[in-house]
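One chain, subunit A, links the two complexes that follow: it is found with subunit B in the first and with subunit C in the second.
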Partner chain A sequence: MEMVVVAPPAPGRLEDLRRRFFATPLQAVLSLACLAIMVFLVWKLLNWAVFSAVFTTSGGPEACQAAAGACWSVIAARWRIIFFGLYPYEEQWRSALACVAVVVMTVLSCIPAFWTGRRIALVWGAGTSLFYVLMKGGVLGLAHVGEEAWGGLALTLFIFVTTCLIGFPLAICLALLRRSELPWISRTTGLIIDGVRSLPLISILFTFAVVLPFALPQWLQGDKLYRVILGSALFFSAYQAEIVRGGMQGVATGQEEAAMALGMRYWQRVSRILLPQAMRNAMPATINQFVISFKETSLVVIVGFFEILASGNAAYGTGEWRFAYVEVYAFIAFIYFIFVFSLSRYGAFLERRMSVSER
Partner chain B sequence: MISTNSTGEPALRIENLDKYYGTFHALRGINLSVKRGEKIVVCGPSGSGKSTMIRCINRLEQHNGGRIEVLGTELNDDVGNIDEIRREVGMVFQHFNLFPHMTVLENCMISPMIVRKQPRAQAEATARLYLEKVRIPEQAMKYPSQLSGGQQQRVAIARALCMQPQIMLFDEPTSALDPEMVSEVLDVMVTLASEGMTMICVTHEMGFARRVADRMIFMDGGDIVEEASPDEFFTSSRNERTRQFLSQVLGH
Partner chain C sequence: MVSLLRNQKVRNALLQVLYVGSIAAMVLAGIVIARRNLADQGITSGFDFLFKSTGWDVNFSLLPATANDPYWWYFLIGIINTLFLGSVGLILATIVGTIVGLARTSSNDLARLLGRTYVDIFRNIPLILQVFFWYAIITHLPTPRSAHEAWGFLLTSRGLYIPFPNVGSAAFAAATLAVIAAIVLPAWLGRTSRLAQPIGQRRTIQFAAAAAALACAAIILAIGRMPDTPLLDFPALQGLNLRGGLRIPPEFATLAIAIAIYGGSYIAEIVRGGFKAVGTGQVEAALSLGLSPWRVFTLVRLPLALRAMLPILANQYVWLMKATTMGIAVGFTDFFMIVALTINHSGQTLEAIGILMAGFLAINLSLAAVFNRINKAIALKGNQLRG
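Now for the complex of A and B:
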């Protein structure tokens, strides 16, 4: 006789809910209590942020302060300071365009179709030079604006993107040098990486911004902004180098041997066989490092740069909006969230994409 | 320049080859000469130096003494010589070592394209030809992880052949395979042998050896203990250690 095996029917949604949350009387009570707390908190938050909030500037700060809910008027009144910092008022459209340029550049370089050496170089070259020309001006009839006046979101994005653009290739070089068969190379590199990692980022930024000018000749100093970016890139690369090296250690030794046996030279093996696999292994930790670096850009305030968080301070810092700091920080947190969350989702997309060829 | 004429000097000449791992003497003065088109099967107990010896031939291991000459070019510290020899010597590994991030087709095309500088169309045509030859043309667009062990090893053979090498080295190509997949790989190797490829195979597949080998080499303790034709080797071996090894391999 033929036996027919049938899987038990999947429980319906209601049945599933009952099993998970209302299996015993005690569990039912706990579930209901948690639900009540959650509803209460969400209602409180919505009430503050939406229902009792003031959105228009018409009543001025006083009417706003009197309201029971959030005072979003401060954003309507001060958003230019948050986004553009001290950048001259009439020229702020340039700063906005520069932000768009950086975002477009980043999004383009995230699309696999652009991952050839020439295309990526083109995107980055065009993006950064467009940003630089827009921000700095002095050509094409644009008024000159010095780096000391850059601020807000544009500055945050610029520091983050340049830190990664300089730091990432540097990290790969450091990781390769640390794997060198010559002990004096691998040990020296190890010493540099561990040395940089042992220092707080703030002290590195301070050294590059304030101390370095005493040690360097005038023509080598450059603007403070670029020294700070170099310091930040160095810090980034020290951490990222160890992440990349970890990824390389996960690549089977047979891969290198197979590539050698096929006649590939060192750089061909590194670029075609080792790095693609190592970066795949290192992907989750790499996204993590990008996220941390994005948030760490706020530290440049200690050497006198008004990136987005410091600009937020300035936005509520002047007399009449002094009470509305929660709203300003909530708004800035939201901006950070948008960028960091997109970064994480992109990481998840990459992992899915790469899992096709996983062993 | 490596010459391509099929007569004249041997494909491979090894003289007094010494290899140490630290203080361990892995190869003890090996001498071996292989003619073009000759098929050599190397066997011996594990740790006898068989793999080490063939890995010295394309410099995956660096020898410490003696002389290796491949297709008339001496293998020494000259990087140009090493590159030249590796282009002409294909290798198949026990664990396949396919590149997991590339499709089967890309695995076969990458080296001809970046090492031999072939145009993409030519590399692809060659790759499809050899995938046909190892009887898996329909798997070209898959990734290695989607194939069985036997299929992966056949891709590895095709990948090596795409470089159009003059010598093929096989380092225990069937040892990591499930038993039912061994024959599909051996069949490909038999075909290759019948077409006149110079082959040096480290393997314990004695049926294959009997069918294909021109010469059997038995190694033990880092030394070549016996060198004989297959007939002689399997039926009337003079050496005690060879007889013992054969009784263990063929015993059941």
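Now for the complex of A and C:
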């Protein structure tokens, strides 16, 4: 007797819906509850943010306060403070251009064609110097603007970029030192890394901003901004060093032995054999670390910098917009969300891409 | 001399001495310069200041505190505040994270979508922004006179008021301990090595232990109750102010909410990862043995997922403890804020920073030690954890 196996008929649309959401009574209850929550939240949010919101500044704060929904006019009235802080009004286009430069630089470094040590260094070096020249001025006919006047989104981006720029090479150095075969070097480095990792970032920023001036000779103190960036870079590098080290551990020992057998010197081995493979292994975790450190730049508000969060506080904190705090925070959260979400999506994409190529 | 440098061993030793020496020299130089700079300002170094009275107040303390108390007492208060806020945040974040994480692993598309939206939103906004946001919300709540009220809970700009048992603080602490024992004792007894009885009897003993501990808690509360008062004290308006109940200050509530929501989004991902790590073969095997979905969940998926989660969860908890330093943003006197205030008021910069480092090192190390114990205790012996 011959068995004929026939595929069951494809379920109709209604049947499919029933199977997916109403398979059992419990599933049905769960689906309906989730649907109710979603509809409620989306309706509330839309109603607040769009339907009964005020978008124009024509009515002033009074018309806004009377409205039931969100008061987006505070953003329309104060967006310059949020984005540029105390940067001089006529020069704010420079601050905007500098932000664009950083964004372009970040996007470029996400393209695989730029993933060689030299190209990535070139992109980041050029991007950061362009940012610095645009912000600081004093050359090319641009008026000089001191760091104390920097603020808003530009300051956030500056702290983030310089933290990565200093922290990344430092992380590689720390990882190599911790891997060293000389016991005292690896132990001391391990102590430094673990010590920094066990402290909260706020306390490190505080130490670098407030305490370090006591412990440094006058000529070494520098500006508070650069000290804080140094502290945040140190923190970043302690975490990143462990990620890089993990990546190095994933490189087969045969690779280094083969390089040694070929007579390559230490730096050749590290730069040509070990690091390229280690960085590839460490890529997803590295992106994750970038995401975390971008979010953590916001902590500098504690040691008194006028970055985007502080400028947001200032945007609603003075005078007639005092009631519009939710809108300002929502707007800043949205800005952070755009940056962080796209970075982390990119990280997830990379992870998928790599797991495919390994198969 | 040159031939000595050619010797690999000598070179290695020299290199190490140079490296360690230069780092030690930098640290020492920093300390020496700092001591001199501080001495110029009339601040003598040393830990004598620990026994001087502070002269400033803390706004939140579980221990009695006045401005006459010495610095060491304030540091203790700070550490206890940090641990208390950390534990509350940790428990709340775990609850939020478990619910959201389970939603994300659910077979229901709508629940998954909800969970994913939650994680995407709250993970991608910096914690300190969320802290500022909740603080603004809470401090803009109505005054006590027109408070939001629900089931005896009151929401006001001066904090959240909740009903509270009418007992002294010592009795309350004892009752809390008893409740904790009711949770821990059955789990401890559940270890096969402790009780040799078959599983049914073991259950009975576990339930009995939990019931006994809960009964203890009830008795302590009954005895410790203030005379002639109802068991639960509800907050109520008296004149312009609220009387009764327990007041949770806005600062504490803000931080607990923010840590629970932000930490919860991270823990949700850990929970999801843990459940993803459970091999489908094991779940299918359990289903084909005829176990109901609930038993598959409690007997197979949950225990295996817990084992996969725990090491990552431990890291997350250490991070959560460090996140309590956000307290300084809203003025909650956690350990770090006490240190910062000490530096401001007494000028004993180096000593205070040293205490800060030692304190966080101790907190981190003890948390890590606890989790290592738990991890070792629940780890599968042998090679059973295969997909």
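The rule is simple: the second predicted complex is superposed on the first by the 324 of 359 C-alpha atoms of A that agree within 3 Å, B and C clash if a C-alpha of one lies under 4 Å from a C-alpha of the other, contacts with A are read in each partner's own complex, and residues count from 1 in each chain.
We adopt the following convention: a contact is a pair of C-beta atoms (placed from the backbone, for glycine too) under 8 Å apart; a residue touches a chain by one contact, two chains touch by 3 or more.
Please read these numbers as outputs of a predicted model, since none were measured by experiment.
Contact with subunit C, but none with subunit B, is seen for A:Val301 once the two complexes are overlaid on the shared chain.
Of the two partner chains, subunit B is the only one that A:Arg280 touches; subunit C does not reach it.
Of the two partner chains placed by the overlay, only subunit B lies in contact with A:Ala252; subunit C stays clear of it.
Once the two complexes are overlaid on the shared chain, A:Gly263 sits against subunit B while remaining clear of subunit C. When subunit A is checked against subunit B and against subunit C, the one touching more of its residues turns out to be C. Once the two complexes are laid over each other on the shared chain, residue contacts for A:Ile332 go to subunit C alone; subunit B is not touched. Applying the stated contact rule after C-alpha superposition, one finds that A:Arg272 touches subunit B and leaves subunit C untouched. Overlap of the subunit B and subunit C interfaces on subunit A comprises no residues. Of all residues in subunit A, only 252, 254-255, 257-265, 268, 272-273, 276-277, 280, 354, 356-359 touch subunit B in the complex they form.
Subunit B contributes residues 58-60, 83, 86-87, 89-91, 93, 95, 97-103, 110-111, 114-115, 143-145, 156, 159-160, 163 to its touches with subunit A in the complex. Residue ranges on subunit A touching subunit C, taken from their complex, read 20-21, 27, 30-31, 34-35, 37-38, 177, 182-185, 188, 192, 195, 198-203, 206-207, 210-211, 214-217, 295-296, 298-299, 301-302, 309, 313, 325-326, 329, 332-333, 336-337, 340-341, 344.
Within the complex formed with subunit A, the residues of subunit C that make contact are 12, 15-17, 19-20, 23, 30-31, 33-34, 37-38, 106-111, 113-114, 120-121, 123-129, 132-133, 136-137, 140, 322-323, 325-326, 328-329, 336, 339-340, 343, 349-350, 353, 356-357, 360-361, 364-365.
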